[in-house]
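Two complexes, one shared chain (chain A), two partners (chain B, chain C).
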Partner chain A sequence: MLLLEHPKVLRRSLPSGRRRRPPLLGRFRFGYVSPAVLLVAVLLYLPFLWTVYQSFTTYSGLGPTTWAGLANYRELLHDPVLLTAVWNTLLWVAGTLVLPVALGLLVAVLSFNIRGASWYRLPFLLPYAMSGTGVAVAWSIILQHGGIANSLLSALGLPGGGESFLLYAPQNTLVMILASTWQQLGVNALLFVVGLQSIPREPIEAARIDGASGWTMFRKIYWPLLAPLTAVVVGLSLVASLKTFDIVWVMTQGGPGTSSQTLAIAMYRDTFVADQYGYGSAIAVVLTVVSGLISFVYLRRQLGSRKEIGA
Partner chain B sequence: MKRPRRRLLTVAASATVLTIAALAGCSSSQGGGGSATPSAPLKLYNDKGAWTQYFDQVGALAKKQLGFGVTPVGYTDEDTYQAFVDASFRTDVKPDLFTWQVGGQLQQIVSLGQVQNTDAIWKQGIADGNLSSSLEPYYTVNGQQYCVPLNVSYWGMFYNKHIFEKYGLTPPTTWAQFLHVAAVLKSHGVTPFYETTTLFSFVWFQQLLAGTDPTLYEQLEDGKASYTSPGVVNAMKIWQTFIDDGYMSNPGLTTNPATLLQQGTVAMIPDGSWFNTSMTQLNLKPGTDYGFFVIPNVNPSLPKTSVLFESGPLCSLSGAANSAADTKFLTWWVGQQPQQLWSSSRGDLSANPKVGLPDNADLTSVVTNVRAGKYNLLLRYFEAAPPPVLNTALEVFANFMVHPNTLMTDLDQIQSAAQTYWASHPAGS
Partner chain C sequence: MRKRLLGEASRRATLVVLGLIWLFPAYLIIITAIRPADSFNPSSAWIPSGHLGLWANVAKAWTASAIGQSLGSSLLYSVAAPLLACLIGALAGYAIVVLRLRHGFFWFMLIFGGTVFPSQMLLIPLFVSYAKVGLYDNRIGMIIIYTAISAPFAAFVMRNFFTNVAFSIFEAARMDGASTLRIFAQLYLPLARTALAAVFILEFTFVWNDLLFGLTLTQSPGTRPVMTALAALQSDVYAGTPVPVALAAGLIVSLPPIVLFLATQRFFARGLALGQL
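For the complex of A and B:
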């Protein structure tokens, strides 16, 4: 409710008899929301609807648009390059769930309730302040052939001094997941710390009285009580991994060839490099639907079931 | 509850319509024509972001001689640049001047009917000796000329002179000598050749095929031959051998190739003569620090040495806000004085035959032989291949460098893209 609509404000500011539904303000209140509605409609809904329409057409970026029906979607099913993109995207999903989420949880738990904890967490959080592109450029310098990683491994007498980390699949995708983990870990740790801090003291103290500690305490008390927050962190990571673009584009542009291409990179390349706007739009629509469905089903299962248990 | 929601939707919908109408109104206020002497400098959009200082020098000369200058807007990412130019055809926001590619890409934008015709500039340029009639066909679509040459470049091999001198090597003139040079370098632990998976992945393919069977190379461009034909496979097998023998650099290197040549990480880089500009930027001296030679044919029975060449167009659009000034600039651009500055500042060639050659004996020798008709000039693959085939080929060649054992699968993939393209485009059109 807007402040001006509050009954007390209305009573004070308007003549009697028109207190409950003042037409003037009533009309204005829709004016207040219209800029936001307009922005969302013009910047989000219209482009999305346009993309959906474009996915049913053939358009080279130049010249006329022709209606293609489901042809672009049929082509999706038979495109070997897209299969590589799907496989790499799945690697990103799995890698993102295992590394930044699990390591974030580990950092949060290990640094929870100890003196100077925020100082321990700070180094993990700092990379999050960098843009994805900045992280990608830095890691390109580290991982390129003859780069910092090669020099360091050689200097330490370890294997990998001559390795081309970004050249071969699936190694190139795996090292990029590591680079992404470096950036994402800190913020996940921070979210988990917030979750840990919000756990009520009573069950923890009760468990301590019962003799629980260490792993048992984590498994039986912290983990179940962290579940709602874990669901959110996993959900966010899931969506982020499905639309992985910036780090891959800067580090390998999806190559060599198409070996490290993700679905988001395939969408970009097909649209803006190969000038197949219809096909690229079809990938965009599929990616949106898959991301939306997975998020919806996952969050509904995780949060919905907990609500039922709590009710 | 229904009425407010309906009213809300009505307000939002009205506002949306008004905004779209306002935006459309704003964009349609721009029109073509304009003054032949604009008050602000023309914007020259280009995909040569590293050449800004050279464009600036020409812009300053234009300001003196024409009364208006040009400001370069340089892109370094080819895909982003092409997406920008493509977008200008769909909106009323037009670049004043922009660089592009000849071949299929020029045909593509000309077919939209927005590229400014340059018949008069070419006619006058050829009459004055400022333009070469041998370049005219590459700027001709359906009998009419479009754009003017930004540059002309011949492809050959840049080499590190210090390394060659150290091992007593001289530029090869036959394929056997070429292989000998590579073997000697390899035996001394020097990587002979440079290759890259990024954008220029086509270079070794075009060179080896042109030096083996130039007719087949041209037939591929026109869809009259298959990428899986024995001639193409043979050329690719030579490349495969080079990779297997360790003659090629790591294709994932992202360091500036000029730096790699300077440092001796690689001894030779196949490139267009415009690569002289990259060497100039590192203060490397032709004839002292580096040299340039024409790569000998693989097939010694060919009557002429195959030399790949490219020419990049500088274009304007008929619907641009300053189209009169754009045409005035393009007419001036092909003249001797601006071209002399453009050529000497970069240490590279000009498309104007009257312009003196840069102080570079190797390059001078190549140009002299070109003018004497001693080479079989072939259009660079990047311009010669139709864009959809090129896109697939660039990805495939990049993959081939990393996995050279996938040769036949790779060629099948390009052939599949070529078949799809030529099925909807009559061969040779």
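For the complex of A and C:
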């Protein structure tokens, strides 16, 4: 940040004989940032404020916008459809913590420091090469009623051959969480591997000499030293899972009915399918506040732990 | 020592089992995408077909579902928007770090703050105002919004990068009489090409994989990005599009970011040392 300041000092330090020349740092410095500032102001900040304002109004896409005060938010609290969306979003949040994050950590720890580790991790990274939409198309084909999954289960003599995975709640949300896990696990594993590699060798060697291994080693040494990175992975995954859209939109569009809607899907459907712009805005605001709070708490915890290390 | 070896064997075994579970869906997707379209049968989907139908499937997806047309749009969006974002971000970083813009940190935070807004907060106003000014269902409109979303990250990386460039380079060029714009274009941009390439690849992948903005801001086959077309193909499967055709489309559409990433891997190897991989 030191570099950013003291333009005046620099200008004054120029030899006085060259005063006629243009100033060292140029005259139109603001011209260089203005495209970026203009772009984010008009296309990101303005729409953001507009959505906040609109969440206090009713607007159907046509006709006038009328002030509605907190009516949209009050409706949010009493809307059974939205309650389903909140419930499903919580399922996504919990499922994301249990599956891609925990399994990612497991894969990272298992493959850490063994020969050929990258080969063992490759199968988990392959699905990440596909886009969310591509993964969703593939999994909905596998899981559709009478599809590959059903046939495979009956061929193996397992239960579930006649199951309609995507047609009933809550199993439709659960199988979509599995599909998302299939895609996300590898990245989380990779992040954890980077974290493991940055752990200093001394405490590990010391613990090994003391006879620690396996689970004890993980619990007493790796886990506490990984904590800052775990906070980042958990924080990122939480915020991403709150905004889950692609997979659900492609696989079920939030249906059948509204049974697999998440908050992000509800926001999209209420706005662009049902033309309730004010109500859709209110859902977006709630989504933003919740994910903002989570990011804030995680960021603070992370900065806090860094301070402890520094002290 | 013996216990450790045993531990390692069981670790490998667990990884192999998990890895096979992970590979199986990928196997299903690939063998289904390459089998002839009419030979698909869910009850024997895991047995590979003796005939290769991949090219016929791709050709069918290309024409029947407008995947081909939307590939062109997506290519335009995911090249043009990150390029513009890189340029705009580099200009901002240059002004803040090298030209020491007054209140530079404030302007930086303002630009970087653009990354915190969830897409859901932008959709409605963008949809309404795009419709009003004629940018709805318009390629220019799509490039503008993707550029706006990509610019803050580009500015962030470029600001960090320029902080590490010696200021004496700038001073020397200035004393030689070069204008600030010329120093930017001929000295700083070429210096930053590795960082710019890394930013470009990440933003390319983001724009390429986007579904939400494409769904909200476009409508006609000529402007819809490819993920939107692919998502539509999914509902077409219930209406009779053969399963292998849909999966072949899913694979083809995933290729460009992978190819780009592999082709430029050395930029990443230098920048983000991902260790053992």
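Everything that follows uses one rule, which is that the second predicted complex is superposed on the first by the 277 of 311 C-alpha atoms of A that agree within 3 Å, B and C clash if a C-alpha of one lies under 4 Å from a C-alpha of the other, contacts with A are read in each partner's own complex, and residues count from 1 in each chain.
Everything below uses one rule, namely that a residue touches a chain if its C-beta (ideal position, glycine included) is under 8 Å from a C-beta of that chain, and two chains touch if they have at least 3 such contacts.
Since the model is a prediction, treat every value here as computed from it, not as a measurement.
**Q** Looking at A:30 after the superposition, I want to know if it touches chain B, chain C, both of them or none. Which is it: first, second, both, neither?
**A** A:30 contacts both chain B and chain C.
**Q** Does the superposition put A:292 against chain B (first), chain C (second), both, or neither?
**A** Touch partner of A:292: chain C, not chain B.
**Q** Is A:62 in contact with chain B, with chain C, with both, or with neither (first, second, both, neither)?
**A** In the superposition, A:62 contacts chain B only.
**Q** Can A:156 be said to touch chain B (first), chain C (second), both, or neither?
**A** The answer is neither, since A:156 touches no partner chain.
**Q** Would you sort A:77 into first (chain B), second (chain C), both or neither based on which partner it touches?
**A** neither
**Q** By the touch definition at the top of the document, which applies to A:284: first (chain B), second (chain C), both, or neither?
**A** second
**Q** Identify the partner contact of A:209: answer first if only chain B is touched, second if only chain C is, both if each is, neither if none is.
**A** The answer is neither, since A:209 touches no partner chain.
**Q** Is A:146 touching the first partner chain B, the second partner chain C, both, or neither of them?
**A** After superposing on A, A:146 lies in contact with both chain B and chain C.
**Q** Touching A:133, do we find chain B (first), chain C (second), both, or neither?
**A** It touches chain C, and chain B stays clear.
**Q** Tell me which touches more residues of chain A here: chain C or chain B.
**A** Counting residues of chain A touched by each partner, the higher count goes to C.
**Q** Considering only the contact definition stated at the top, list the common interface residues of chain A for chain B and chain C.
**A** After superposing on chain A, chain A residues 26, 30-31, 33, 35, 37, 41-42, 46, 61, 140, 144, 146, 272 contact both chain B and chain C.
**Q** Report the residues of chain A in contact with chain C in the complex, numbered from low to high.
**A** Against chain C, chain A makes touches at 1, 3-7, 10, 24-26, 29-33, 35-37, 39-48, 50-52, 54, 61, 103, 107, 110-111, 114, 117-118, 120-124, 126-127, 129-134, 136-142, 144, 146-148, 150-152, 155, 182, 185, 190, 193-194, 197, 213-214, 243, 245-246, 249-251, 264, 267-268, 271-272, 277, 280-281, 283-285, 287-288, 291-292, 295.
**Q** How about chain C: which of its residues touch chain A in the complex?
**A** Residues of chain C touching chain A: 3-4, 7-8, 11-12, 14-16, 18-20, 22-23, 25-26, 28-29, 32, 42-46, 88-89, 91-92, 94-97, 99-102, 104-105, 107, 110-111, 113-114, 116-129, 144-145, 147-149, 151-152, 155, 163, 167, 171, 174, 179-180, 184, 208-209, 211-212, 215-216, 227, 230-231, 233-234, 237-238, 243, 246-247, 249-251, 253-254, 257-258, 274-277.
**Q** Hey, which residues of chain B end up touching chain A in the complex?
**A** For this pair, the touching residues of chain B are 4, 7-8, 11-12, 15-16, 19-20, 79-80, 82-83, 86-87, 89-90, 108-109, 111-112, 197-198, 250-255, 387-388, 391, 395-396, 398-402.
**Q** Which of the residues in chain A come into contact with chain B in the complex?
**A** 26-27, 30-31, 33-35, 37-38, 41-42, 46, 60-63, 81, 140, 144-146, 164, 166-168, 253, 255-259, 272-275
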